[in-house]
Amino acid sequence: MTATRARAGFAVDQKLILIGLLLVINVFFSLASPHFFAVSNYFNILKSCAMIVITGAGATLLMMTGNFDLSAGSNVALTGVVYALLAQAGVPLFAAGCIALAGGTAFGLINGSLVGWLNVPPFIASLGMMYIGRGLALVVSDGSVIVDRIPPSMLRIYQGTLLGMPYLAWFIVFFVAVFMVIQRRTLLGKHALATGGNRNAAFFSGINTGRIVFVLYVIVGALAAFSGILTAARSGAGDPRSGNQFEFDVILAIMLGGTRLQGGKGSVIGTLLGALVVAVLDNGLNMLNVLTFWQSIVKGAILVMAILLNEKVMAGARKRGLARASA
Amino acid sequence: MKKILLAALILSVAVAALVLVGCAKKTDEGYVGGKPTYVVGHIVYTMEAQYHQGIAKQIVEYGKKMYNAKVIVLDAQGKDEVAMSAVENLIQQKVQAISLHYPNTGLTTAAIKMAREKGIPMVTTLIRPSERIAPHVQPLEGPSSQMMGEVAAKQWLAAHPGVTCRVFILDFGKFPQIEEMRTGAFFQGVKNVDPKAVLVGQLNGFSSTEKSMQITLDALQKEPRINIIFGGNDEMGLGALAACQQVGRGKMKDGVPLTEVIAGLDANISAMAQIYNPNSSFKLTHGAVRDNAIAEMDTMIGMITGKIDPKKYAETQVLSREFDYWNSTMEEAQRFLEVNYLFTGSLKDEVAKAAK
Amino acid sequence: MSDEILVEVRNLQKHFPGVRALDGVSFCIRRNTVHCIVGENGSGKSTFIKTLTGAHQRTAGEILLGGRPFEPRSVGAAIGSGISVLYQELNVVDDLTVQENLTLGKEQSLLGFVRKPRGLEAVKEILLSLDPSIHLGDMVGCLSVAQKQVIEIAKAVSTNCSLLIMDEPTAALSEQEVGRLFAIIRKLKERGITVIYISHKLAEVFEIGDVVTVLRDGQVVDTLQVAEISRACRDVPESCLRIVRLMLGKVVVETYVPRPSTGPARTLLEARNINNTKLRGVSFELAEGEILGFYGLVGSGKTEVARVLYGIDEYEGEILVKGARRDLRGVRCALGAGFAMVPEERRADGIFAGLSVRENIPMMRIGSILAKGLLSRGKENALADRYIASMSIAVRDREQKVALLSGGNQQKVVISKCLNREAEILLMDEPTRGVDVGAKHEIHEIIRSLASKGRGIIVFTSEMPEVLHLCDRIVLMHEGQVGEIVANGSPAANSDHIMSVVAGGR
Amino acid sequence: MTAMVSSAGRRRSMDVQKIILLAILVGIFVFLSLAAPNFFAIRNFTNILMQVSVIVMIASAANLLMITGNFDLSVGSVLAFCAIMHAYLTKQGMPIWASILACVAIAALWGVFNGVMVGVLNVTPVIATIATMYAARGFAYLIARWDGGANITAGLPQNFAEFGRTMLFGQVPIIILFMVVVFAVFFFIERKTPLGRFSYAIGGNLSAARLSGINVVGVIVALYVLVGALAGLCGIIQVSRVGAAFPNLGQGLEFDVIVAIVLGGTSMMGGEGSLVGMLLGALVVGLAANGLNLFGVQYFYQTITYGVILIGAVLIDLAVHRKA
């Protein structure tokens, strides 16, 4: 039967494009810049996109249900500030981290309740929370960077390494793995896909779609909070202005990875690849000492190209009868 | 279909590549003996502001001329993550020294330490890091800001005896050091002249002329008696001016303030053109571009050659030159612009145009 | 045992603002029977189902399930108590495999991890017994409508439901598939499952039903034993019309009346040797004032012909309109060439549900309501009223949202929209699908009158009665080729011959 | 849960939402007139209108676009691009009228670019317009740089700067006139022209629209062009108001626009919405901002209020529906 083949083919193709794209730009940069092709630099790249991947891993599942979270960036800032404030107040870092995490999770909880239970459109709910969160971050920090009396050990999460690999890289591996499993092997993953694929079907199968969405928002909130802690750890300070436009980088990575805004099929790996493409571009372009304004233009071009190729693949998949060919 | 994919892929990547090479090329020529003696990095808080672009240009120019040094300029785009990966990026590119301007004081400290581990000395500028462990270049903004405040108040009171100074300030949203060196100092200056002076309001102008205009409009609505406005940088000052003119104010008669006095900061061309226009009420600014850049460059080279101890906090202070309609001549301004902003035109003409 | 009452409905009431959708419905459903519910669109059938399955909360009355009062608060609750529904819009997830769909919502899991479901053999067995051509690993997105239905049925069965409700399950099926579905329903009966079967098609009621309840305007007209009626039919054919009369209050008997041909008609359309991925060497002609029927099983290529003529699919070959060769690339050139189509999927491709009747009708020829290049409300209203009258569309007023109309009236709106195009050649893909008997009759009348006005009409249908009643000539499709073209009324135009052609090519 | 019920519900919601917005508007209004200093004054109302004018102008076109189920995140960047372009050209001595035409044309081209990507190549609007957003902003900075700075301020013809601040009858800033005109035009388009009707059709049922022979691609491209052109025009107006061109003009504008539209009851899925609702939405936001500035509230709290209004408005709306 063609069906199974079609499915496999589809999945592979789409990843292949990103992988191919990655290879090409990697080769290009390696040739163009003497400093690019080095383990340490790849660690830099991983570090620079760690937060995006970590949050994106969960957000991918959320987008598979047809929802998204614009408040992630504000959550990052708020959590970071709270974390720093607690640390400043002398709370042991671990405890402070837990409290901050709880706070960020609560943030996701509100998002989840608004969208999952009260049926507020995700755009409005999370955009509103984006403003509120940003505002709160500025209020609690009184708009200034929280840095005095912060124990230097805070930096360790960001700068430390394990077996020669930065913690952040390990985190990427860990979270991507976890959420791959969740996506492929768990009820949550299946039901998320069902919710986005055909809400009625999910509903009639007795799946509580509201709860799925709610849970995923909470998860994304927690992940964003964790990213917030990492952000604070990066500078050893809580900056209420950090994580600005973070949510876009996340959504961009997810969509590059081939997950549709409308929900349905999606893949965590795709998100990882998408984030890497952007990160490698940023890093490489800086290596080539390209003027920042050109960088943004090139970035735009590459984005469109990647999506175009995705579309082509989708179309191909459709031709092979994956989706119902409609006029 | 596969063919189409491949073709599209290769084609578009190729195009992108060409663009890159195209703009990467031109930075790498004109060094004595074909290659630079030193390679250093300079991280800009954001290339959006004319002031910061100005400094960047100066460092590149001066570095090349003076030390045959190549300066890699990276833009932090006002984002922590970008700033940090910029530092990592420079370390990766094995530069010999880095100069960094970023308002997150914690991040700058962390960056200094990170670079130091890799044996790369770093100098900070404009915003002092949270820990004073490395050389720092600081324009003396405080005194100049205060002086501007005094001049503004004097001029206002001279023209309107007995009318208390009502000050409105546009800032970047509460940065302590900005408070200390710019907004606070300015208001202090006003108070020195007019003890009864009141601060009507201080709001974030997001260093955008557009937003500053809107906010100033609201401020003037709230308190029409505002008569001294200070913009945390020239962009905001111009916004304030635009707002005043929108509501039929912003006027002077041969330097005699009719409606209010506006001050900015950075001393860039657009500000100067208004300052020497006898009819507009934007009249004061101050700034240091070239000297700041020179100090940064010298410090970096000094640290590389071992003349300066990269682990010791030493503040190189540069004068932030104050300009106003009453106490500084257009010729001085012309020279300042030429030196600092590589200005090639003639200020006189600009003013003439603006005054039309 | 089989006489035991499974569901008893007593004076069920459901009121919506302004409407009494159900107005005191009472009847019994016996265990292990196929209980048909018939009635026009808007007679309250779907409302009844929704109340029974907890999608709606009843206003008054009571339902007894197996003797005990039954008050489903939610769809979940209804499923829990063994009631499953097969809705018209299929509720399967295309992105999941057959197996994942079958187990969706009741996966065995350990700490949230999906386990290899244990009861799989059971499901597999059910699926096999229903349709062996479906494999557990297939992506549901690649299956046909019928197959998706089977999956839903299998799912219902595997949730060991005792009552399965089918809401017009044959709407999207070809006769062959209908046959298979009925076989499945019989199997279900063997499994001791009671089926509530909702349909417009009396033939189906006779074939599969045990008991039939007739609804009209939210009230029960009568509940009858199908066996009795059919016996009656055998004895006195007229009494066969009794049930029809019950349903409509008026009699509809359709038989083909060859219309007097007004001399040698001009050829409107000529297709020569059309080929594409699905079609092989299709050629036919359409004369002015002719109703040409395309009949065939699903996959026989009749829909593909429609798509080619309407410029949706690519093709090789020649298409001449009034003798002039036209190259149909894209819907807009097809429209330009004088075609207009009533699409098969009314909801998906036909109506603008959110817009009013007034706004829907002029969509295909906005020019018809323009005055000096601007929309003229006056013209628009006039146009809408004209069609509401001529098509006797049942609406509150022309401002009513099409979404709120019954299926039949929605279809009429779609047809009006198409007619307003004033095209010479009308392509009608399943023009009466999901339309009640009364509306069906009216639509047929409309088609005939259009033909008599000299339009050329091509009807693509999977209902043999429709072809036989309506069309002057019938193109029998088989595996993408024209099997045979029979003139209606000729001896060749009998169901046996037709079936043999479409099924076997010869 | 069937298409019928939900869509019916949404249609009803439209008017309800407008009423709610109106209520909120009046509420804020009354509160401010009582509490805020100098709020209740003609000049302040012109002031508020002046501040929402750019948003309203662009949103007038963007509203129709969103009714088709698409949106444009690049308006802010295109605005900046045209602002800089215009400044650059006039500085090079091009006559103002010519430069205006040229810039609006270029802005329209950005629109074509978006429209083709979305309408023809089926790139999802998010990615397509974000890409344009990056590109246009990038070029804006580059042009400024080629001119030798981070912005173009010096050397602009002064009389043009004056023009943007002209007061009609000494009371009404001319930009408000522009706003009224643009709004009226699009009100007309929405109600009276095929373009408006087709937008609803496309948003309501894309495939039905195609099969009805509506030129879907044409409509979408046309709307993107209109949005782009208006963004460009606003850019030029801003230059003339501010008296200088900055590449960071219109930052975050795309959001203010979308928020105004969505607050006004246009669904992001398309198919429904109205210009009047959008205007109310924009006014709510503008009024709130103005009030908070009058109180001299730090922008920290302003952002919070912004979010609360957004969510609050929708929640009230939903609550009302629960009852209805």
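The letters A, B, C and D name the chains in turn, as written, and every chain counts its residues from 1.
To be clear about the criterion, contacts are C-beta pairs under 8 Å (C-beta built on N, C-alpha and C of every residue); 3 or more make two chains touch, one makes a residue touch a chain.
Keep in mind that what you see is a predicted model, and the values were worked out from it rather than measured.
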What's the chain with its C-alpha centre farthest out from chain D?
C
On a C-alpha centroid basis, what's the spacing between chain A and chain D, in Å?
29
Quick one: chain B and chain C, Cα centre-to-centre, how many Å?
71
Report, in whole Å, the distance between the mean C-alpha point of chain C and the mean C-alpha point of chain D.
45
Which residues does chain B have that touch at least 2 chains other than itself?
47, 173-174
Enumerate the residues of chain D that touch no fewer than two other chains.
1, 141, 145, 207, 210-211, 298-300
Residues of chain A touching at least two other chains:
138, 143, 200, 203, 291-294, 297, 301, 308, 326-327
Graph of touching chains, which shape: line, ring, star, complete, other?
other
Which chains touch which?
A-B, A-C, A-D, B-D, C-D
Quick one: which bits of chain D touch chain A in the complex? Just the residue numbers, please.
1, 117, 121-124, 126-128, 130-135, 137-139, 141-142, 145, 207, 210-211, 255, 258-259, 262, 267-268, 298-308, 310-311, 314-315, 318
Contact residues on chain C for chain A in the complex?
75-76, 79-80, 85, 87, 89, 91-97, 100-101, 104-107, 109, 112-114, 135, 137-139, 141-143, 155, 307, 312, 331, 343, 348-349
Flag every residue of chain A that touches chain D in the complex, lowest number first.
114, 118-121, 123-125, 127-136, 138-139, 143, 200, 203, 248, 251-252, 255-256, 260-261, 291-297, 299-301, 303-304, 307-308, 311, 326-327
Under the stated contact criterion, what part of chain A meets chain C in this complex?
1-4, 6-7, 185-188, 190-191, 193-194, 197-198, 200-207, 264-265, 321-324, 326-327
Write out the stretch or stretches of chain C touching chain D in their complex.
55, 89, 310, 331-332, 335, 341, 343, 347-355, 359, 363-364, 366, 370, 373-375, 401, 403-404, 417, 421
